[in-house]
Each structure stands twice: as C-alpha cells, then as structure tokens.
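Note that the chains take the letters A, B, C and D in the order they are written out, and that residue 1 is the start of every chain.
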Amino acid sequence: MQKSLHIDPGKCTGCLQCEMACSYENEGLFNPSKSRIKVFTFHEEGRFVPYTCTQCDDAWCMQACPVDAIVLNAVTGSKDIVNDRCVGCKVCTIACPFGTVNYNSTSGKVIKCDLCGGNPQCAEACPTGAITYIDADATGLDRMRQWAGKTDTQRAAA
Amino acid sequence: MRHVIIGAGPAGVVAAETLRKRMPQADIVLIGDEPEPPYSRMAIPYHLIGNIGESGTYLRKTEGYYEKLGIEQLQRRVTDLSLAQKQLTLDNGNRISFDKLLLATGSHPVKPPVEGMDLPGVVNCWTLADARQIIARSQPGDDVVLMGAGFIGCIILEALARRGINLTVVEMENRMVPRMMDGNSGTLLKQWCEDKGVRVLTSTRVTGVTQENGRLVVQLDGRDPVPVNLLISATGVRPNTGLAGELECDQGIVVNEHLQTSQPDVYAAGDVAEGRDFSTGGYSVQAIQPTAVQHGALAAANMSGARQAVHQGSINMNVLDTMGLISGSFGLWQGADGGDSVTLNNPASYRYMNLQFADDVLVGANTLGLTQHVGVLRGLIQNRTRLGRWKQRLLDDPTRVMEAYLAHHVP
Amino acid sequence: MGWTQKILRVNLTDGSVKSEPLNREWAHDYLGQRGLATRYFVAEVDPGVDALGPDNKMIMATGPLTGTMASTGGRYSVICKSPLTGAIACSNSGGFLGAEMKNAGWDMIIFEGRSPTPVYLYVENDRAELRPADDLWGKSVWETDELLHKKHQDPQLRVATVGRAAEAGCLYSAIINDLHRAAGRSGVGTVMASKNLKAVAIRGTRGVGNIKDPIRFMNVTREQKKVLADNAVTGQGLPTYGTQVLMNVINEIGALPTRNMREVRFEGAGKVSAEAMHEPRHSDGKPNLTTNAGCFGCTIACGRISTIDRGHFSVANKPEYWGNSGGLEYEAAWALGPDTGVDDLDALTYVNFLCNEDGMDPISFGSTVAAAMELFEEGAITTEDTGGIELRFGSAEALVAVTELTARGEGFGKALGLGSRRLCEKYGHPELSMTVKSQEFPAYDPRGIQGMGLTYATSNRGACHLRSYTVSSEVLGIPVKTDPLETDGKPELVIAFQDATAAVDSSGLCIFTTFAWSLENIAPQIDAACEGDWPVERVAEVGARIWQLERDFNMKAGLTGADDTLPGRLLKDAANVGPATGKVAGLDQMLPKYYELRGWTADGQLTDEVRSKFNLPA
Amino acid sequence: MKITLKLYATLSDLLPPEARSNRVEIEVADAVSVNELIARFHVPPPLAHLVLLNGVFVAPAQRGQPGLIQAGDVLAIWPPVAGG
C-alpha cells in the first residue's frame, strides 16, 4: 500500500519542528528557509497550515522539466529531483500550480519534497500529529488530486 | 497506424512518449533536423556557463531511451510535405507516409533587417551549434554586443558576463524583457545588470554591422559605434511554418481546442502552433517550454484515439534568471480591462511585485526577486480562484499569495 | 559548537555595522544569551550610565541551542541597563526572531550609541545595515511589522520592534517580536527607542549547524522531547490551558494579589481564568481561546491565540481587533484583571492586545493602573488628573481608556508610563507602590507564597517571578512540594531556582521546560551541541556565576542590600483571608540566610572570595 | 454535611451538570475522606494531583484520612498543571 503525507492543520501549533527536521535531513542544517515543508500562519484566523508537495500523479513539475531532472520514485510514488541533472532553470517552480517546488539560490537548483525516501522526517518530528505518513487511501489525497486534475488541462483526456 | 512527428524539441518528444503510452503497437517516427539527440534550448545558458556538458541539455537522459520505447528517430530535414498524399519527403530524398502527423517544428531566431547580419562573427543563441560558436568566439577580454534584451538575451547574460568578456547589451525597447515584464520591473532589471558591470543600452537600435580590420563594428543610432569580436543576435523568434503549405496560418499554424490544424489528421504543437491562450481565450503563439509540453501531450492524446481531449488554453508564463535576479511573469501581467491591480516596488532591494485582477480573480502577475512558492500565482490564475475577501488582503499585501491560495484550497 | 561565533556590533551614533568574532572564553564561562550578553555588557558599560543615554548599550543575544531542534530552542534575550529599575535588565522572548537571528549567522547583536534620526536594522544573513525609519516612527508594533514586511516583500522576515509607548518614554516598554511575543520587563523597549532604533528586521537563510555531535544531539533532543510530551504538565496542562490555569489555583491558596495587593483573593478570578477562556460566549457561541500556539521549536505550545467578542464595548466599532491575536497569559491576566479588580475577560483580552500592539509590559502596566486606582480611591488623584476617567477598581471602561492613552503616550497615560513607584511618589503616596527596585510585582502574593517574597526582594531585575519560580515547588509540587507558608528552607530553594533559571535562560531554551526537565535533562543537550564538556555541575555553575555577575553590576550601579526589600504592605499588613490569614511576608527570616548562602556580606555586598570563586571580572 | 467541591482544568467535565464556575455544593458523609470523594467523582487518581482543602495542600498520605473534611469546607482538585 502506498503511503502519503496527511496534514491536519487543526492540530498544528506552528512550532516548525517539521521544517527543522526536513532541512536537517536534506541539508544537514537546521534551516527552515530550506525546508521542503512550510508552515503558513493565518494570524487573523488563528490557524497554522503545514504544506508541501502532494506528489500529484501527472506531476506538472516533472512534465515541464526540460532536462529530465525530476523522476518518479517507483517505491514511494514521490517525484524526486535528480540534482546532477537539474540545471536550475526554474521552469518547474512556475509550472507547479501548488507552489511546492522552490528554487534554492545557494545550490542553484530546485528543491521539493521527496518523502525522505519513504521515512518523512517532518512526520517523525511533528509533536502534535498534525503531519502523519499513512496509507494513501486515508489521507484525502484523492480530493487533492481531483483538484489537481481540475488544474491540469491535459487530463481532460485521461 | 503510423504517427510522424516533425520536430524533436520538448513538444515532439512529449508527444512521442504520450503516443507510445497510449498506443503500444503504433509506428512512431520522430524527425529532428539537428545532429544531436533531442535537447532543451532552455538548458543552453547553463551549458554556456559550464555547469553542464552538452549532454546535460538532452531532454531525456537514459541510454537508449527512444529505442527502448520503440520510437524511430531520424536526424533529417523535411523538405516537402504532401497533405493530399499524407506523405513527406526528407532531405535525402526518402519519402515517409503517415496516418497522423504532428508538426512540432518549433521556431527560429528572427534575423533583424539590418545590414551586415550575415557577416561572420554574427551569431544567434538558439542551437547547440550556436552555443559552440559563442564559446569559441568569446574569450576573456573580448568585446561582445548582445543585440536584444528579451528572454533569451537575458537568460544568457550571466553566462556571457562570467566568461570575462566586455559586454554591451543593446535593446531597442525602453526596458529589458519588454514582452514579459512591465516598465517598473524591466527598468529595475536594467539597473541590476548595470550594477553588475554590464553596459545596457535601451531605446537603442543597431543600425548596421560592418567589418574592419578583422573585427565587427556595430553601428548604433545616436551613439558611438562599438567594435566587437562577436555580435550575438537575440531579437526574438518566429514559428517555423515553412511546411504548413495550405494549412491555416496566422502568426503560427492555427490549431483548434484539440490541437488540430485545418487538416484533420495534422496536428501542431509547441512554438509553431498558434493555440488557445488561457488568459485571453484567443489564439496566440506562446513559445514557452510549459506550453510546448502541454501541447505535445494533448495533441498526442487526440492523435491516439477517438476520445477528444480539449485544450482549455495554456497560460503564458515565464521565469528568468538574469545574473541572479529572478523575474517571473504570469498570464495577463499587462492587466485586464477595468480590473484592479496592486504594486509593491522596492528598488533598493530589487524586489517587485505586481498583481492584476479581473473582478476578484487573479489574472496576471509580474515578480522580481521572488523564488518561493511562485507556482501558486499560476495556480490561482489557472483555477480562476474567486478570492473573496482575500482579494482585499492581497491588495493590502500582495506577498500573501500563498496564504490566499491555501485559504481556498486546503480544507 | 552551538554558537555561530559571530557577533554583530551596531554603532547607532555613526551608523557603522561590523562583525566580530565571539569571545569563546566567555562563552565557555557564560554559555550564551542572558549570561554571555551580561558578560559583554559589564565589560563594556559603566554601571553608572544613564539608562536612556547614548552610553547605555542594548544587546540582543541568542543561546547555543537557539535555532536548533531542541524543544523550545527559539529564545533570545535583551540585556541593557533598565530605565525603570537602574539595575541590569534582561528580558527573554520566544516567538521566531531569536532563531532567525541565529539562522542569519549571529549569536548576538550589540547596539551602542544613539542614532541622530530614527532607523531600523535590517539583517539578511551576513548583510546588515541601518536604514531610515522616519516612516515607521510613530507607528504601532503591528503597523511597523506590516510595513516592514511589505517594504522587504518577504513574508518570512522576522521583526522585533517598539511601539508608540516606548517612543513616548513609557518606562516599562517592551520589545515585541512576531506581533505578540515580548521581551517584556524592565523597559528594554524604552532603551531601544531612546536610541532612535525603531525595529530589527531579520532574515536568516544560512541555517544553524556547527553542532558538536549531531547524531547524539538528534538522539538526545528526541528523547527529551518525549519527556516533555509524556509529562502531564508540559504534555497536557500547558498546551490545553496555558499558564492561565494558575488563576484559580493561586486564588484558591489565597495568594492572588487583588486590588493593588490590598487583598489576596479575587471574587472574579473564575471569570478571567483559563477555564473561562474555553467557555463558549453567550453572544457568538465561540470561546475566547481559538487555539494554542508554539514558539519556534516548541513542542509544548502553551501560547494562547484568542479573539474578543465583536459586540464587546471595547471593540464594537473596531473591526481591526476582531481577528485572532496573542491571548492572555497568566501574569498579564492577573495584572490587568485581579490587580485592578476587573473581571471582564473581553476587556482584559483587548487590553492585552493593546499591550502587544504598542509594546508595553502588561505586568508593570496593570500594576501601575492598580496603584493609580488606589490613588484615585484614596483621593490622591482625581478626574482632573485622569482627564475625566473615573479610575476606580473594577472598572473595565476605565482600564480600557487608560490603556489606550498609555499605549499612545497621551494624556494621563504619560503619568501611568512612569510606572508604579514614580507615579505613587508623584502623587505623594510612595507606600502604595507595589514594587521592588521600582519594578512592579507579578501575580503571587508573598504572604501566601513565602519563597516568592525572597524571590522578589533579591531578583536582580526588580520584582519578578521569572528569576526563581518557587511557586513551582511551593504550590505545584514541582519538583517536590514544599509548604508555601513556611520560610525555612526557602533561601536554599530560591538560590537553586535562581541559578538553574540563569543557566536555562542562557541556553536558548524556555524556562517552561523545567516543569518537566531539570538540568539533568538540559545539560546533555548542551553537551551534544557545544564545544567542551557540559556536565550538569558545569551548567549549574554557569547559572550561579551569572547570578553573581548580575548582582555585581547592580551593586556597582549604586544599588545596595537595602534595595532587597518589599513594600511595607506585604511586610506589615497581614493577609485577611485564606490559608495565609494573619501572615505577612517573612523576608527578615530568609534574607540573612540567603546572603550567607550566596557568600555575601551582611549588607549584601559581594566578597573577594565569591569573585575569585566564580572568576568574575574586577 | 455540605461542602463545596471544585474541579478544574481537564477535571471540569467530571462535575455534575448543576455545577457553575467549576464549583458545586455537595452533601457528604461526616467522616468522608478526600480519596472517597475523588472516587465518587471518578477523578482518575493520577490526575488528582493538586488537592487543596480550604486552599491548603492535602498531601497524598492524608487523603485517606477520615475527619479531615469539615462542614462548609472547600475541596478543590487539579490535575498536574503549571504556569507562570
């Protein structure tokens, strides 16, 4: 059974442990600015929303990449950046309508969530259960993907 | 069933892949007229910088990729196309017949109507062959003029500047990237480049090129001529419509919402196609990578089967890295009639943001210095998200686009 | 290492900004944040300096664990000489600014001099510069935060700023970061404003690395987070009810200072308690509390995010206050509520918003209003002084009116901005000021919690609960229960808490972890991160050294043992209700022993022996 | 005899419905112990952490003693809590 990240904003306190865990796993530093998951604060509403890539099926980023630097991870279903191939053209950053592929000016390449190869550290670190890594069926991922489908003008044919 | 695709750029390659996925048995022929494996022009600047070798520009990296998919590749120029006979002729005289044809012939650099553009030392920056010339002819200390500060010109600026050459950019419009960025941001981009030591002459025309003592002399209107070792011409591209024949053409080959040309078995995709524009609802040539890919996949879907895949229109968008300053443009960045807009302009920090609305829907944007979550600008535009009270919030502070998006799309 | 080993020195007088290496020897003796910044401060500033003059300095300092994955590792402190107390000021804040500073690559920022015109400091990693703030001067904290975000077009920018209270000279002005987290006490915001420094805006993208043993650090911080999660207080109580859960507790034991500490129980406590914040309102069916929130890296998340009833008189025509913002914490709720006799939860929440919006310490502010109310009821001030406000105990309308005035430095708010001691002296009744070293009390009556009497009297920054929170032991039984009415053993308890707190305040962690953690849990986290060996004993010794150093500065600044006292009301007027009935604060039974245990002379001066034991500067 | 019982924080829900502001007046046997009341109102023993009789802490060892509670007394109970 494929798993996916399930995010429950109602449980999030905005502590950013997820961002630190992510950056530590991927960059070897505690550095929220380089995190693949980002917590957005809705001050007026008193709401915190962690957000990252939903690993959508016909990934826009993957299709738009001109140099084959975003590939499907057959095990986890994630769409992974191949650093050696990425030239930093940023086309994927504008192609992703979810805003979850970001340019890292330090490396000159883009970064996105790769589910830490199947052991997402954000979920490990989350103290409140706002981020969990569970069976894809239970995550409401389908709902997200439906929406992705609406965005994806090509998929009318699918 | 034989599907022939002319053009081995992103539109052609994605179309071939899509066809194969949908039609395991079909003959698929991919014809490209350059002597390399299908590659990406987008990646050429990074090759010029030296970050990647030529193979780093290739669209697909796996060894034997096309063979494995059973896609027949021909490195040939198509010299003639007979729609009546459903047959094309290659430059070696061979003829190929097809059941369905995709024209993904791309575009070519415009040759400005200026005397001397044929002289040796005048090059385009479009193909890998051009890149080789530029690398060979721009040695440290050389004088180079880059003619045109459009998308291509800007994206190779850093590569040129890093080669240690003495660079002058000449642009006839009043700002950089005039077809992508508005006055404020285009002007800021110029200032950025000048701060980095690049001479940028806007509102300046090249009036002619001559040859003196083995060097070129670039004549400018109202300014002293500039002697150079190399003149790079990057003044825009035009669709390669040479094979269109009796197909309906305007700027490019006109296609309907199925990417079909006026001839039912002939489709067009990518830079050569004049397809539906998401923002305007009209038809235009976009000549950008995401649109090429979208066209290719959609055209192939229609070529492969009875079901009709409808193209809702591509959103015109661009992202550009000009010597480290990142700019973006989305949709109707020039604004919609009667719509509201908001601008944040901080020249001191090279940050700029302009959002354009129609009613309470985001329809366009220009950004400078924004690298995080930029894709949501596309998401908001393409979903026609009704922003409600978030419109006012964005008018108050346009940097909150990600929140505006999440507020509508996260339960 | 933990430290970035770089400090930023900002000279506001000449506008220069420069980087210098961290003094590692001092870091090894004082750890970071509170301790290390104090070490720099005493080395650079004459103790006799005018707190609001250009020669005072202001240091913003992180700890070695700030910006790391250690739970609550997001703290920073502000150190300067206090204009309120004349003693050393050290105010600690959470939120996200401290971690951002560390992410930008700085252990601390030292501000010196005074800018000729309003400026703000913009820091983006290595790049730091002073920029004009003429357009920000006169703006509230919330407006400044928004303007800076727009100016830099960076939603991730973290901002610490002063509001209009500080600009108007209010002596207990806070520095507010992230809209509602405060370096609140002792007027550090007043010092910042006196330097014409409006704000500090930081963006750090370098990250925090430099951990001595990263694998061990990840393991030990993970284990310790589990300790916090499994503990009933830090895992359940604080996230659910926040610090406000104390309102009913302290009232029940008869130690809730009420109406300027005239009484020890407040009949309206329940209406302004944590439990009340959970109750759905009659008007809109929503509770005051929307959610709990964590500061950077905090796995406890005690922060309150609250709304005010839109129909409440305080905000009825002010939609800008209808959204969520930082809600009531216990000390603020007490000072604004029981101490002023006001039991209107919406009014207190609104006043708390205003304290954040314009940067005032709600403890000092509420206590000062309480003193003013008593002055009013005694006839020492009249509506002529207050501009027509009937400043009586229990009046929510009066409280709201004077808060608006004080936040903006208008009318009678100017007098309230002086703080309780100066206000009461101005109107001829110094005995009505409930202060130590001119700083207002927090929310525990020493008649009912004896250890807090000694805590207040000996606190190095004037009356304060956060220098040694013996309530933890005397009331809550953490780590062991002691009798709150007993004075025996309290000097030892106070010293243990004072030293441990100084160490925690220097680490980058939050003192609230100590409801579940002791130094035994904290030292291994420091040890895994920092250069050298950091056994528990060394961390404890750092705490003791810091305490002595702060005391030393205060003595050199002209304070004496005579300042280690409490208002007469607490020493002479016995509690008349509850368990403490008949009791006064037994300070005289504790202070001599405290001095002795500290190794000080009978009049509270440091000895050469102590100086040499702790290797204090001359 | 009648006494006042107060349950706070997470224990609030264990109060009978007639309780107001976390307090309720109850009828108890003359020699009732604290522990008997803790059991009667289903307070899980580990959550009966802070037990105050008329504001004075009742140590765990005293909670089984009969006769500690007098008519008119106020017994207040909290789970482990802290603040500051």
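The rule we apply is simple: contacts are C-beta pairs under 8 Å (C-beta built on N, C-alpha and C of every residue); 3 or more make two chains touch, one makes a residue touch a chain.
Note that this is a predicted model, so its numbers are computed, not measured.
Taking the mean of each chain's C-alpha atoms, the chain whose centre lies closest to the overall C-alpha mean is A. The mean-CA centres of subunit A and subunit D are about 50 angstrom from one another, to the nearest whole unit.
Subunit C and subunit D, compared by their mean Cα positions, are separated by 34 Å. Taking each chain's centre as the mean of its C-alpha atoms, subunit B lies 75 Å from subunit D. If you average the Cα atoms of subunit A and of subunit C, the two centres end up 38 Å apart. Counting partner chains per residue, subunit B has residues 372, 402-403 touching two or more of them.
Residue positions of subunit A in touch with at least two other chains are not found.
Residue positions of subunit D with contacts to 2 or more other chains are absent. Interchain contacts give a graph that is no line, ring or star and is not complete, per the touch definition above.
Pairwise chain contacts present here: A-B, A-C, B-C, C-D [touch as defined]. Note for the complex: subunit C touches subunit D at residues 231-233, 236-238, 240-246, 248-249, 252-254, 270-271, 274-275, 329-331, 465-466, 469, 471-472, 475-478, 481, 483-484, 511-512, 515, 578-579. Those residues of subunit A whose C-beta lies close enough to touch subunit B in the complex are 7, 9, 38, 40, 42, 49, 51, 60, 63-64, 66-68, 85, 87-91, 93-103, 105, 108, 140, 143, 147, 150-151, 153-154, 156-158.
Interface residues of subunit B, counted against subunit C in their complex, comprise 344, 346, 349, 351-353, 369-370, 372, 397, 399-400, 402-403.
For subunit C in complex with subunit B, the touching residues are 146, 149-156.
Put simply, subunit C touches subunit A in their complex at residues 67-69, 71, 96, 99, 103, 156, 179, 204-209, 214, 218, 225, 229, 239, 290-299, 301, 303, 305-307, 323-325.
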